[in-house]
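So the structure is just underneath, and the comments pick up after that.
When the chains are written out, they are named A, B and C in that same order, and each has its own residue count from 1.
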């Protein structure tokens, strides 16, 4: 960043007496706008289309395929439709809070993109408290959801908002505790630091470093799903009970803000897991050119994150919803103790083997490959048993 | 047990309260005194020979000169049925509720109250079930005339169609 | 300040809500998530069908019976037909009875598919619903070939059925059954034994057998409590005695006996049994006429009768009073959903709001049946 600023001033683009701070501010401004408006928001929209297509194939139907090639512009059409809707603000509601709630939730979704490590030099701000920053700003969702639930002046919205707030706050704890093992192993909270501590090969990922991090990765993924109000934890938006939970009274673009935040959160969940456990953008150093390496690394990072996004959509299409008391039981009685055990186990592991144990790494990798092989075999078995012509020709 | 035998057993036990017993046909019935409905119902429920543990159907029928409440009883253990009838006058028809004996009578009696107008004494929740709470009249009576409007909504059609009962001469 | 109630909330699960069970309203008194009482408020779909029967006559009432329970329209058709036939002493030809059974059992499968699919969707799993509807669409296509309609069939007449099976229909129906039986196993693999699903359903809304009988629950709701009672086997009508099939009952395998999981599993197993009946019926169907000769202006002798048949939602009781003219004096349908609604208020104490949805879905309540 600083070199970029110096180069820009030296090249005279901003005049000879430009103050470095001003140039830095402008550069950051433009880059943030590019990342937030050019990457984050369109991603939230595109993933809505992708989710509907993935869902549809799982549900043996086609999904949106009319608007644009393969229905790709469906999200734009939805956005335009929602913008054109009447902006209804209930009479008895608390109007300033009602209007502010979606913006807060969008803020909670937008801010983590500032520390998203796309590649070794493509990161907006390499804070040295990167991962802590990410978890703390995603918790702003609670404020927004509670405001939405209360300001709607609707008992069902209130129930939805309170359920959601309880859920997010509860699952922050296993999520935070599951980040600790990684921090213990690397000694740094910075995103780039954590990625650099891993290697490009799977056995060097933190996922396979020791069994405690494996379990921690799973708990982190599930807790992140719960924080993002995704099925199986989408009680606050349980359609059959609460219509749309805390977002019932919203219409038009305000309503869409809540859901853009939820879809965009998918990327953030994937990014956290990819950074912490899957090696981030690490790619074997085979090309000398910095630009080409950056492109390859960005592609690696995106592939990993998008795979996790796909898994989130897959889970949402398959699993039913968990009830609120079962959700809380799961968090407090199961996840929190297991996360503590993980943390302590990793601390002991790091004390004994500060650089990790290769034997365990290869063992874990072999176990994971075996698991993946069993899974693939089951998938092939079911694909063979089902009648493909039934599922792929919905117009039979 | 055959239906007719069940009814004869009831008649033997409650000789004076059983008013008439129909002849043996596919669905024989027995007409009982309205005041002894609960007693006879309890007997049919608890008697080990009859063991009528289920009130399968309760209907209100509006004949022009009287209102009848018809109870269809059934026994899961003995696999036999019986039909009880109660004849009530058209003004203020009222009979005791059978809710204490068979819980299924709760909603069925509410429906009869709502649509025919029979008041069931002792019912825990005697209010309309299908019609709106502020509806006036009992729609399934034969002399029910639809009100011209309900809360400002007119019930008269703009263009009348041929009414089917003009053919019923 | 004195009117602020802080102990419990009164919520309204209003007539409009995104659930396929129809227009039902519940006034829920809840203490946070746990309900104290859920008071059902029905009547939003009351169309006075029973009074319309007194105006349109015996033959004319047949299409109206479809609307009593539009998911199980064949059974309501059959019920009205059977009631009129019992009043007038008409006998339906053998092939007509077979056609009735075939149409009815297909309808039972379709109704149960909708029920289990909607139940899964209410619990939160969206995929089983579309798979169930896909199968139901194929049944609808078959029935459309048979009688021209996909939902409100009006296929049966007093004295038999309206039209014979079209040529080639038998083979298509058998091919569909060959396709359907393995699909049921796949459906089970998808959702029925899913841990989250079982956790949501087990021990929710437990109904004891004595309660079930006292509240006059019927059909799969009753069988889930362990009572082996099916009108097709125990008070047989039509040609059901000629078929071999089993009556699945609940066994409390995943929770207490008579909980929602039992009701769900009974419905899944009933679909397999219906498939068995259909195969036998389609093999054994005899040739002959399908409709008995019934007069145009049908005037049964004065009298009354009650018939009961096993519809998709249970024992449907038809009580018809005739006065000797061509118009019935009184028609009354007692449906399974009406009785099931009566028990909800009692079961709701202590359940969570999410469980209320599960309970309604597991009792397979359909609004038009309640209100008629």
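Brief remarks on what is shown
Assume a contact is a pair of C-beta atoms (placed from the backbone, for glycine too) under 8 Å apart; a residue touches a chain by one contact, two chains touch by 3 or more.
On a predicted model such as this, the values are computed, not experimentally measured, just so you know.
The most distant chain from chain C, with centres taken as the mean of CA atoms, is A. When every chain is reduced to the mean of its C-alpha atoms, the one closest to the centre of the whole protein set is C. Distance between chain A and chain C, defined via averaged C-alpha coordinates, is recorded as 44 Å. For the pair chain A and chain B, the distance between C-alpha centroids works out to 62 Å. Mean C-alpha position of chain B lies 24 Å from that of chain C. By the touch criterion stated above, chain B contacts chain C in their complex at residues 25-27, 29, 53-59, 61-63, 70, 72, 76, 79, 81, 83, 102-104, 106-108, 128-132, 139-140, 164-165, 168. On the chain A side of its complex with chain C, the touching residues are 55, 58-61, 155-156, 159, 163, 231-232, 234-235, 238-241, 243, 317-326, 382, 385-387, 390, 394, 396. Residue ranges on chain C touching chain B, taken from their complex, read 42-43, 46, 48, 50-51, 55-57, 60, 86, 211, 213-216, 227, 229, 234-235, 303-306, 308, 315, 317, 319, 321, 325-327, 329-330, 332, 334, 338-339, 341-343, 346, 371. Residue ranges on chain C touching chain A, taken from their complex, read 9, 11, 13, 17-19, 33, 120-127, 129-131, 134, 138, 179, 182, 186, 190-191, 194, 196-197, 199-200, 352-355, 357.
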